[in-house]
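One chain, subunit A, links the two complexes that follow: it is found with subunit B in the first and with subunit C in the second.
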Partner chain A sequence: MTDQFEPTVIGFTCNWCSYRAADTAGTARMKYAPNIRLIRLMCSGRLDPTFVFKAFADGADGVLISGCHPGDCHYVEQNFKALRRFILMKRVLVQMGVEPGRLKLLWASAAEGAMFAAEINKFVEEIRKLGPLNWGKDEGGRMKDEISSFITHPSSFGEEVPA
Partner chain B sequence: MTERIGVYVCHCGTNIAGVVDVVEVSKWAGEKLAANGVVISRDYKFMCSSLGQELIQKDIQELGLTRVVVAACSPHLHEATFRNACKQAGLNPYLCELVSIREQDSWVHTDKVAATEKAKAIIAGGVARVAHHEALEPLRVPIHPDTLVVGGGIAGIQAALEVADAGFHVYLVEREPSIGGHMAQFDKTFPTLDCSACILTPKMVQVGSHPNITLLTWSEVTKVDGYVGNFVVTINKKARYIKTEDCTGCGICWEKCPWKVVDEVFEAGLGNRKAVYTPFPQAVPKYPVIDAPNCAYFLKGTCKACEKFCPTGAIDFNQKDETISVPVGNIILATGYDLFDAKRIPQYGYGRFDNVYTNLEFERLCNAAGPTSGNIVLRDGKTVPKTVGIVHCVGSRDENYNIYCSSICCMQSLKFAHLVHERTGAEVYNFYIDMRTPSKGYEEFYRRLLDEGTHFVRGKVAEISDFARLPEEEGKLIVQVEDTLIGKQRRIPVDMVILSAGMQPRHDAKEVGKLFGIACSADGWYIERHPKLDPVATMTEGVFIAGCVQGPKDIPASVAQGAGAAARVLGKIQQKEISLEPVRASVDEQKCSGCRICNDLCPFGAILFHEDRMVSEVNPALCQGCGTCVAACPAGAMSGTVFSNEQILSQIEGLLLLTVNGKKAEAVTA
Partner chain C sequence: MTTSVKPKFAMYWAASCGGCEIAVLNIHEKILDVDANFEVVFWPVAMDAKYKDVEAMEDGSILLTLFNGGIRNDENEHIAKLLRQKSKILVAFGSCACEGCIPGLANFSSRQEIFDTYYETISTDNPEHLRPQSHYKMPEGEVNIPEFYPVLKTLDQVVDVDYYMPGCPPESHQIAAVIDLVIQVLQGKAELPPKGAVIGVGNSTVCDECTRKRNVRSITAFRRIQDLAPVDPEICLLEQGIPCNGSATRSGCNARCPSAGAQCIGCYGPAEGVLDYGARLISAFASVIDAKEPEEIERILDGIPDPAGQFYRFSLAGSLLKAGVPAWKKNGQAKHAAERQRGQGK
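After this line comes the complex of A and B, so read on.
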């Protein structure tokens, strides 16, 4: 392992779709970055925002939230609650001085192992570019730019929400 | 730390040990996680083997373990195994945690150092989590003995008969006016050349007259509520406009009906039916339906010929759709397949050239009960073809359409070749990519065809055209193909082309799957619980699949799956009650502020509000355990078993104990 920055990413998955997507990726031996560690919940709706902040506080550089595709939720519509909380959490993270790009939402069905693996790789690379999470330690004023762009174009974050 | 935790790291042969240094991981857990309560850490070649399980059980008894963490495969595979092992050793099964270092680690990573460090982190997460586990008892709910079978093709028929014969009630729902499915459309079955109808119709009659089967044709399931053992299914019975209690099935109505409609479903567009019809003479049930969008009375307000001539007065133009809801314990989905639309491959000319047929059209063409009474003739209705080309793999094994093999087309094409040869003496060319004849008696059938003098051309057909270059090609269809065995391009003039179009998932498979809470694979077939060991169960308890909904298969395989699904259902019914995971939410009334935020979040209406005490309460019978209310409660009054806040928060801490490089992570001091 080289000395380059290796981000640690915590991924929350739901029992029915996204955890099984991870299983599908595993069974098919699709390779992805070892930087992610997954936690199984019954539903993405179980995701208490505290979990996300706890992960960042304990040293995660990025957090992935994944659930069933809209309309496919095992519990009817609870992934929509996760979506709402995701948008809210992004706003709160900005206020805490954390780049909102460190939080990602991904819909994945049980069949989408390949997509799940590819998205993890993409996300880990994005976090690698952002560097280690430094609460309050703003290097090069990057955070300031992110925040100001968020304030001027708050809807730009809306576009990141996968429909 | 009062808990005594045992950690068991599985090699899974080389599946895990090939990438993760399991000995190192086990040693690390024993030393570094001792402070977290780990008293013993072991590695073993196959933890799921009985010897592996005994290892755990011995430690529980001799070392007095109060918690067990097994690091092996996905909990979806072996969670039950290890929980059972703990239970047998006297430890509550819910005090065991299975963490995945195979599907989520060794199988998806190549960097051995990083994978080993990740395994350590995953185990640290499990150890931290398991300390907060509670001893739980599974919830037991009764199983309703009735079963719903959706789809009346051969798989659904077989499933319904098996369950009904065992003495339990079955609701068989079919969208079309009659059961029978695709098999009823076929002329012969391969490789035995049995008459398809002769072997199918006795089974259909059995279904129609079985005291334990409620047959609901011309009906569709619109809603499914509940869970395994206790589903409530809403079924829309479309208006037949026939009083079935009075109808004798005499057939006078369709004789007298003046409106001819092209039968796109049963006759594959080759023949006509009337506006009041049964799809075929042996239809079960025998009652016809009136096709309202094509009926003169519904279109113009006059006619009523059927009503005038019906000897029993069974026609009722005022009938309305009827919605019924039935309680069932288990569901078998056998909704079959759609035929690949050959028009999607324009170079094959289907729809442009009269004498290019699909396989289903040809089945009707050579069927004695079909539009030509079984005479194989060209579209003009009289010319017998002298040469016939049969194209395999149309829309299958093709990156542009469906990547999978439709599995039946080779045998079906061989059957067609035999039938053409037998009935017309025509010269037959089979154009194939690979010949796939894997089942019992199939290869023998292929050899028989070789002896019969059918020409086999190995190569994918490039184009079918009517553009003649040579005098002998005039008026013919020319099949342009590369014969890969002689390495030459060939142009073969034929009179008739049969396209062996492949199977596709039903056009509405996705929506139907959603209705029943099951998912489709990337190809669109329903996903089985395990591709090898549990092909008829799905990820949703109590919902089973049989036949082509699970993937392309032939009649014997569909029948076997129908019977298999029925056996699984009977097994469940016989248990009389079922244990459910005790993943449930509950309210601490002392902490509940009565804000009612949780009340509206629950999609199952499981949360009641007590106006008098101003607190909410969870009904455990309705709660499905998603945990959304737990996440939302601002007072922290709501808690959820198996996935409690303490469990998840500790797991996060554990997972972040090490960085990717294996260094101790620096906690951020706020």
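After this line comes the complex of A and C, so read on.
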């Protein structure tokens, strides 16, 4: 238990469906992984990709974006915007070397508390398997470590020229 | 007036291409104003000077230093710290110093990948597979060359920066305006902007300066400009499906590229208030795509084969994530290569 890696997952939920789904799960006393920190937005269409990058940059191991089912958006079609941003963000993150599984999109209606809780559990387990991302938790330190180890062992890459 | 009472001016290039220096010289006869008002004490591209001469200067004795280039190795960092110490006003000059620019794109790759490309690819004749070492012991003693860092950093990730002047390179009319301002400050006719300000720029986006007509943007396909004939000379390029970065890019260039029929590639960096340039563009591009089905969205996005390059061409090192996994995580390399291939195979 103590050795187990506990991932930090940030969840962005919309006010009208997915946050209510979390509420439904809560009032029904359904348990789900405490690793997720939910942040309520008015709409998944409010999700600026900056939020996602900032979450990863500041130490999140996974990010969940959750909104109303297609066609159910309180603001008509802003959740489609979220869908398009999600797909594009994922492409960029993959190029950055981040596993695509660290970013998840989930449609959840206010009634789907049980499904919401189950999906969060599933997602947290998936992230646990991927391991820590540790993005820039101590970026300066990390870079410095890398540099100093490199300086101490110049042969750590490439071939050393025989003297 | 003797030279000794003129305020001192310095300009330095770290990891950069030299275009910023050309841009400074491109202010034409205004360069004479620089000479009339400043004593140039250190400017490696224009005059001979030694680092030890700078080291011998009194702290804060240089009034104005324009620093261009990113911090790629320990020599860059040493000079950045040295010039910070010796300068009253340190300006991150040009996109490289502000946000990493093209040299910062190396932050997608590990050092191993960078050196493999540099020393081992087909265009390189290196039969003995030699790799320069930072430190090398010889009978005569140890020789050193600058240490190549795992990631390129922006100037303000290394030292305190007073002002930012973006652009690749900064437009000459903006440089001239900034030099005019500094001279007026010297003569007591103007005041310096608050510390940390972005200078020599507009306060809006390239789109606002662009004269092309904007209607409703709704994109069903992205195309490269050379694949689209003819390009409508009047209508917004993004509307025509050309990935134009103007909507997130700071104004200041008079929308030079879109006016000439080429898309904005974002060299003036993030507009005022934008924390992460690429994220803002992802937001903008995703908003104008006219599709609701995932398959259709994927198809349209295939028209942007290198989204990270498209959105972070100039700003990777200064972005929230700063670098790709391979650059800062040694074990990220193998995984990265596989992922990248998978990404391309789509």
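Keep in mind that, in the parts below, the second predicted complex is superposed on the first by the 132 of 163 C-alpha atoms of A that agree within 3 Å, B and C clash if a C-alpha of one lies under 4 Å from a C-alpha of the other, contacts with A are read in each partner's own complex, and residues count from 1 in each chain.
Everything below uses one rule, namely that contacts are C-beta pairs under 8 Å (C-beta built on N, C-alpha and C of every residue); 3 or more make two chains touch, one makes a residue touch a chain.
It should be emphasised that the depicted structure is a prediction, and the values quoted were computed from it without experimental measurement.
By the touch criterion defined above, A:8 lies against subunit B but remains apart from subunit C after alignment on the C-alpha atoms of chain A. With both structures placed on the common chain, the touch criterion links A:87 to subunit C but leaves subunit B unconnected. Within the superposed three-chain model, A:40 lies in touch with subunit B and out of touch with subunit C [touch as defined at top]. Once chain A of one complex is fitted onto chain A of the other, the partner contacts of A:50 extend to both subunit B and subunit C. Within the superposed three-chain model, A:77 lies in touch with subunit B and with subunit C [touch as defined at top].
In the superposed model, B is the one of subunit B and subunit C that contacts more residues of subunit A.
In the superposed model, A:98 lies in contact with subunit C only, and not with subunit B. Counting contacts by the rule stated earlier, residues 48-50, 54, 56-57, 77, 81, 85, 135 of subunit A appear in both its interface with subunit B and its interface with subunit C.
Subunit A meets subunit B in the complex at residues 1, 6-8, 10, 16-17, 19-20, 22-23, 25-27, 29-32, 34-35, 37-43, 45-51, 54-60, 71-72, 74-78, 81, 85, 109-112, 117, 133, 135.
By the touch criterion stated above, subunit A contacts subunit C in their complex at residues 48-50, 52-54, 56-57, 70, 77, 80-81, 83-85, 87-89, 91-92, 94-100, 134-136, 139, 142-143, 146-147, 150-151, 154-155, 157-161, 163. Considering their complex, residues 74-76, 100, 102-105, 107-111, 113-115, 117-118, 121-122, 125, 514, 517, 519-522, 527, 539-540, 583, 601, 603-604, 624-628, 630-632, 640, 642-643, 645, 648-649, 651-653, 655-656, 659-661, 665-668, 670 of subunit B touch subunit A.
Contact residues on subunit C toward subunit A in their complex (touch as defined above): 108, 111-112, 115, 129-131, 133-138, 147, 149-151, 153, 275-276, 278-280, 282-283, 285-287, 289, 291-292, 294, 297-298, 301, 306-309, 311-312, 319-322, 324-326, 328-330, 332, 335-336, 339-340, 342-343.
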